[in-house]
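Lettered A, B, C, D, E and F in written order, each chain numbered from 1.
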Amino acid sequence: MTNVIAEIKKDYLYNLFLKGERADGRAFDQYREFSVERNLISKAEGSALVKLGSSQVLVGVKMQPGEPFPDTPNRGVIITNAELVPLASPVFEPGPPNETGIELARLVDRGVRESKAIDLEALCITPGKQVWIIFIDVHILDDCGNILDAASIGAIAALLTTKVPASKFGLGEDYPLPVKDIPIATTAIEFGDVIMFDPDSDEESIANTKLTVLSTADGSICGMQKSGTGVLRQEQIYRIVDIACEKAKEIREKFLEE
Amino acid sequence: MTNVIAEIKKDYLYNLFLKGERADGRAFDQYREFSVERNLISKAEGSALVKLGSSQVLVGVKMQPGEPFPDTPNRGVIITNAELVPLASPVFEPGPPNETGIELARLVDRGVRESKAIDLEALCITPGKQVWIIFIDVHILDDCGNILDAASIGAIAALLTTKVPASKFGLGEDYPLPVKDIPIATTAIEFGDVIMFDPDSDEESIANTKLTVLSTADGSICGMQKSGTGVLRQEQIYRIVDIACEKAKEIREKFLEE
Amino acid sequence: MTNVIAEIKKDYLYNLFLKGERADGRAFDQYREFSVERNLISKAEGSALVKLGSSQVLVGVKMQPGEPFPDTPNRGVIITNAELVPLASPVFEPGPPNETGIELARLVDRGVRESKAIDLEALCITPGKQVWIIFIDVHILDDCGNILDAASIGAIAALLTTKVPASKFGLGEDYPLPVKDIPIATTAIEFGDVIMFDPDSDEESIANTKLTVLSTADGSICGMQKSGTGVLRQEQIYRIVDIACEKAKEIREKFLEE
Amino acid sequence: MKMIAMDGSNISFFKEGLRLDGRRADEFRPLKIEVGVLARADGSCYVEMGGNKVIAAVYGPREVHPRHLQEATRAIVRYRYNMASFSVEERKRPGPDRRSYELSKVSREALEPVIFTSYYPRSVIDVFVEVLQADAGTRTAGINAASVALADAGIPMKSMISACAAGKVADTIVLDPMKEEDNFGQADMPIAMTPTGQITLLQMDGHLTKDEFQRAMELAIKGCRDIYEIQRKSLIEKYNQLGSELAVVQEAEVL
Amino acid sequence: MKMIAMDGSNISFFKEGLRLDGRRADEFRPLKIEVGVLARADGSCYVEMGGNKVIAAVYGPREVHPRHLQEATRAIVRYRYNMASFSVEERKRPGPDRRSYELSKVSREALEPVIFTSYYPRSVIDVFVEVLQADAGTRTAGINAASVALADAGIPMKSMISACAAGKVADTIVLDPMKEEDNFGQADMPIAMTPTGQITLLQMDGHLTKDEFQRAMELAIKGCRDIYEIQRKSLIEKYNQLGSELAVVQEAEVL
Amino acid sequence: MKMIAMDGSNISFFKEGLRLDGRRADEFRPLKIEVGVLARADGSCYVEMGGNKVIAAVYGPREVHPRHLQEATRAIVRYRYNMASFSVEERKRPGPDRRSYELSKVSREALEPVIFTSYYPRSVIDVFVEVLQADAGTRTAGINAASVALADAGIPMKSMISACAAGKVADTIVLDPMKEEDNFGQADMPIAMTPTGQITLLQMDGHLTKDEFQRAMELAIKGCRDIYEIQRKSLIEKYNQLGSELAVVQEAEVL
């Protein structure tokens, strides 16, 4: 039964796509309604709740002093974790992150890391001994599609509000976390040569291929990831990258730059 | 088949209860035969084997110096663990403690901790650096009902025989662990408005509701826990608490005070 | 079906054995073709690839400074691990080592340890503080029978090529790991009173009983392990031990002594 | 004004008869309940109680995996209490610890008595509670949210469950202890109950004389009754807005 | 009197021809066997051997979970060797480690040869051994207890299994090494066997010449034979008391 | 000659137009492919690429365990990327970490598009890749080996998959970065594709302008094409030697 319904839904959506339409009336490159609420969690050093259509992702940032990695003795450490808790979707299961959760966490992490958004050297307390550890914890609350973009935006939004809790640890006064760039993830799916951004869960369920592009404020690319068991042609990739950087700029300007 | 037998047993026991009787002839507030053997395990700093009817629980206490918790720099640390090993019952399974084992360990721990039975400040060696760690390990050997009371009594009995092994660690002479109170757990089940203490496994299997009361030497309550998927009325709870504190006094005087 | 084939194979092999023959024409005490390639893995401090018939086992040795065990403050530490990765056999499964893998690792470890092949006291850097840790990692690549002998030979071959990486850790110049003995494992199976060395996978699958003998250069025994659900008579054990020490000598001289 | 010294710090829990946050001894913290806050779940509820922020979701009745957990004559109920890493002062490692296993167990046992599990043999009703911010009282906040989420999911229930703790600080019995009172107080006693006074959860930590215990129980019961009214209102509001499905809630009231 | 120096400490293992605890080289430690010590288990046995205290329980034949472990033509045997945290000098973390996995495997393989597993297809016979106090020789003590517990559970067996170690200390072959001899000795060789001399367990650690090996084997075999008599007596006593079920044991003897 | 300073160390990536190991920017490292190197596996392949040494095995189509993973209409594909403990400079703890879970996922997704999974409903095709020595580019080496191993196992495929990375070092786009270039370079972009240019894997880390990205893509695609020829040759050689089974490979070419 489930499969029959899935097939019908697939046909329905595909026929719409052929007419250039999506089920909720959006253009192919249009994001769903979007909001970013900051600092909801006072126990966290920074936090942001992103709503993307019905999807909801809460990101909390905690900081504490700790040991640096031996090969980067004078740089702070970023640790990113994502919890795809079973509250958020009938397909999520309790237990340690599975490969979907790990991939999501690693992509969010890569966006922050590769864009050099955080000045890690400014987070050294005593070289080789003590640096700030930044924990970015992504908590998915409601998965109605494209939680990766929501998580990535939530992460940088939370970092932008983060105060380094120096006073709590007797390390001077609190100060804002030094953030130097605003990486944004934008994700498109491909289906029958249609490219579509910000897929909802129905759209995700029929597409075999997804491409996420992480881009920086200067319009460059700082990360990419194809996922799914489909293929992409070179020109499709170029097309997605072009739109992705544009979309990222819009999102950055609208939601993340003061 | 199993269910049929279970139903027959349930009916049989229930009919007995209505007549004010239990299968083994005990009164509703009467404990099974009881014994506490101490110091059976010479490798442990303290130990006690409790037999409660056919139930057998062995508790061992080990001590070693270790780091205090950061928020209690001058207090010893208690770590309580319970192993419901598959030797003890056909329904126990190998593997890390499940929620039943965790609940049991946490209740035993709470009895010791909340009664302030152990003078934790006397267990500080070097403030902020080194304190005594007390490991209370509950090993269930034969589960014929009410292992929680047996475990709780075993824990305090073992602690009462514990010698702090200072000489082993070059920290002076051994001395008895300073114990200041004797918390006792007493557990009752409720079934058809009958309240019954020290249930055996058959009685446990038919009751939906259980209430454990931990009480101290001064007749106060230092812990309570309802378990099971049934309900209790306020006056039932009061009744259980009254009898529980009385029973605890009897047990304390008979088995644990010299 | 599988069982039928297994039964036929069993009959076939057994009938051969009665005639004093093995499927591949070997004598009962004869090893399959054998090779030991050393230092294939330049990232490891020592390594050896052992091919025993179609079986392939790769052993890598890594070394790093670390803390000694409290009860042996001036001796290096050996840690042996075996990965029976699913690449090597249809019956191996991903996940932490199961009891077969653990037994194999512990036997390899025992061979090295009990023969006192490594001069652990020469591996002390600062007594009680820092010693060399030797990691012996056994990686099974192709299990066509008797991987234990291959692993054991690979381990000592890899150790014989190991350079202590002192310079990498600022501890002076690199030097060869001090190896004082060459323990060799030789394994026989028993089947219908036939004793057969170096069993291939078919032979292993029909035998209930296996005996591994670890012997040292002076012809003594430094370890033994019976495995499988069969039995051995005293004289069978004596016979295996006699041949095992002889075979070990041959292998040692041919492959491991320069 | 009473004083208590513990761990070298002097905390005054009362000032002119009022608590640190201005409450009277028998008051609970501001309580906000929002029904139906998640799209994927079959039922959901967000609860804020003082500094606590929790969200509950219900999925089911649905198929049980793994199958050997199935019960032939009733639905099983699962309850997962989970704290977000960032919900507490010092970051918590993700995943369940011993405390959360215990709280999941007693919370499940607090709700199961009112669920008509026999309606759905071989099924599971899954209740997930996420603590997004913790400030003492997360288990009771979670049960309150879960109870409303179950109603929101249309799970047939004999009644609501309402939960609240009483505590003892500076020898005074207080309702709904907050963090400071919980950390440095003398006792904490969370309960859960039906509107008709059947207790489904009872835990206690600390030190209470029998008399104090009875006073704490009375106070906690009163708290549960008041919380019940707010739960009820939140459901009626939600379903009046929608102009439908009210039946579910009313059925729950009657039974 | 011989001397041995190891790890900077001088230990004399012998004094006037006797060992540290007064035994001769070919004596085992005091052995006490109690049958049927647990109520829940189908069979059980408590063994004390010197400072070792172990208890074994047998459950089964019973259904196998998970089902894919079932064998169509025979019962599977499972064996779990487990040490209580407090059984050793330095507290052991609860749960199995690599050593206990290996001991469980070889112990299972020591018993399985005498169990008529084909009588119970698709079933499991579970053997659980808890080490309550350890003093060298826990695996052999566990096998001795398990073998009696199997008989107590009425599991059809071809024969008993008896286990004992021989060792080498100060170049002398000794029976049943205790802790000090095991820690600082030169070899340890536990075996298990049937009354008719079929070896079902054989392990060796240390250093033995071929000649020493044969002498150790002879000694260990003798130890097993003596232990067998004590196992047998403990079962007869138990079942004479009960005045029944002796048949089970006798059947075991005959086969 | 360009210079780049990072982490206090000055590395010159180019000397007279050539890279540290003497390659031109658009060259990949020496590539060696051996087919059918394992006896137990249904198909296997060993790949050396520069300092990388990886081995791939394929088992299947075979039965799926646990059964609930079965798909009614197709085979599932599993891919396990694993690093040997001794394959890297600092010993790696055995077992999967987060990185290897991610690489396993994207590698599986790189191969699955060309496998005719619908031929084998309810089955699994298992691909295991062991990294024996790592020197940047293990995921692409693994995919190249796995693709050949699938053909060697006779798994029907629409085409081969070839994989190669492009990178950016000292502002220059280079093919197939080695360890030093990967560690201290500015970007790394591994791709995998079919001989007809369908991209099945694309990942990128670092910093690339859109123009650089397109140049990197062109270069990586060229790399894949060249690697494909070597993969093809290795299979033909193997099956010419055997004088058989060539059909399998040819089928793969045609589809």
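Just so it is clear, a residue touches a chain if its C-beta (ideal position, glycine included) is under 8 Å from a C-beta of that chain, and two chains touch if they have at least 3 such contacts.
These numbers come from a predicted model, not from an experiment.
Asks: Of the other chains, whose C-alpha centre is the longest way from the centre of chain F?
Replies: Taking each chain's C-alpha mean as its centre, the farthest from chain F is B.
Asks: Which chain has its C-alpha centroid farthest away from the centroid of chain D?
Replies: Farthest chain from chain D, going by C-alpha centroids: C.
Asks: Looking at B-E, C-E or C-F, which pair matches A-F on over half of its contact pairs by residue number?
Replies: Repeat of the A-F interface: C-E.
Asks: What's the distance between the Cα centroids of chain A and chain D, rounded to whole Å?
Replies: Between these chains, centre-to-centre, one finds 32 Å.
Asks: What is the distance, in whole Å, between the centres of chain A and chain B, each centre taken as the mean of its C-alpha atoms?
Replies: A distance of 48 Å separates the two centres.
Asks: Multi-chain contacts in chain B: which residues touch at least two other chains?
Replies: Not one residue of chain B touches more than one other chain, so the list is empty.
Asks: Taking touching chains as linked, do they make an open path (line), a single closed cycle (ring), a hub with spokes (star), an all-linked set (complete), or other?
Replies: Ring.
Asks: If we trace the ring from chain A over to chain D and keep going, which chains do we hit, in order?
Replies: Starting from chain A with chain D next, the chains run A, D, B, E, C, F.
Asks: Looking at the complex, which residues from chain F come into contact with chain C?
Replies: So the residues of chain F touching chain C come out as 38-41, 51, 53, 55-57, 59, 62, 80, 82, 84-91, 94-96, 126, 128-130, 132-134.
Asks: Could you list, by residue number, the parts of chain C that touch chain F in their complex?
Replies: 40-44, 47, 54, 56, 58, 60-62, 64, 81, 83, 85-90, 94, 96, 135, 137, 139, 141-144, 201
Asks: Okay, in this complex, where on chain A does chain F touch?
Replies: 71-72, 97, 99-100, 102-103, 105-106, 110, 114-115, 211, 216, 219-234, 237-238, 241-242, 245
Asks: Name, in rising order, each residue of chain E that touches chain C in their complex.
Replies: Chain E reaches chain C through residues 7, 98-99, 101-102, 104-106, 109, 112-113, 189, 194, 197-210, 213-214, 217, 221.
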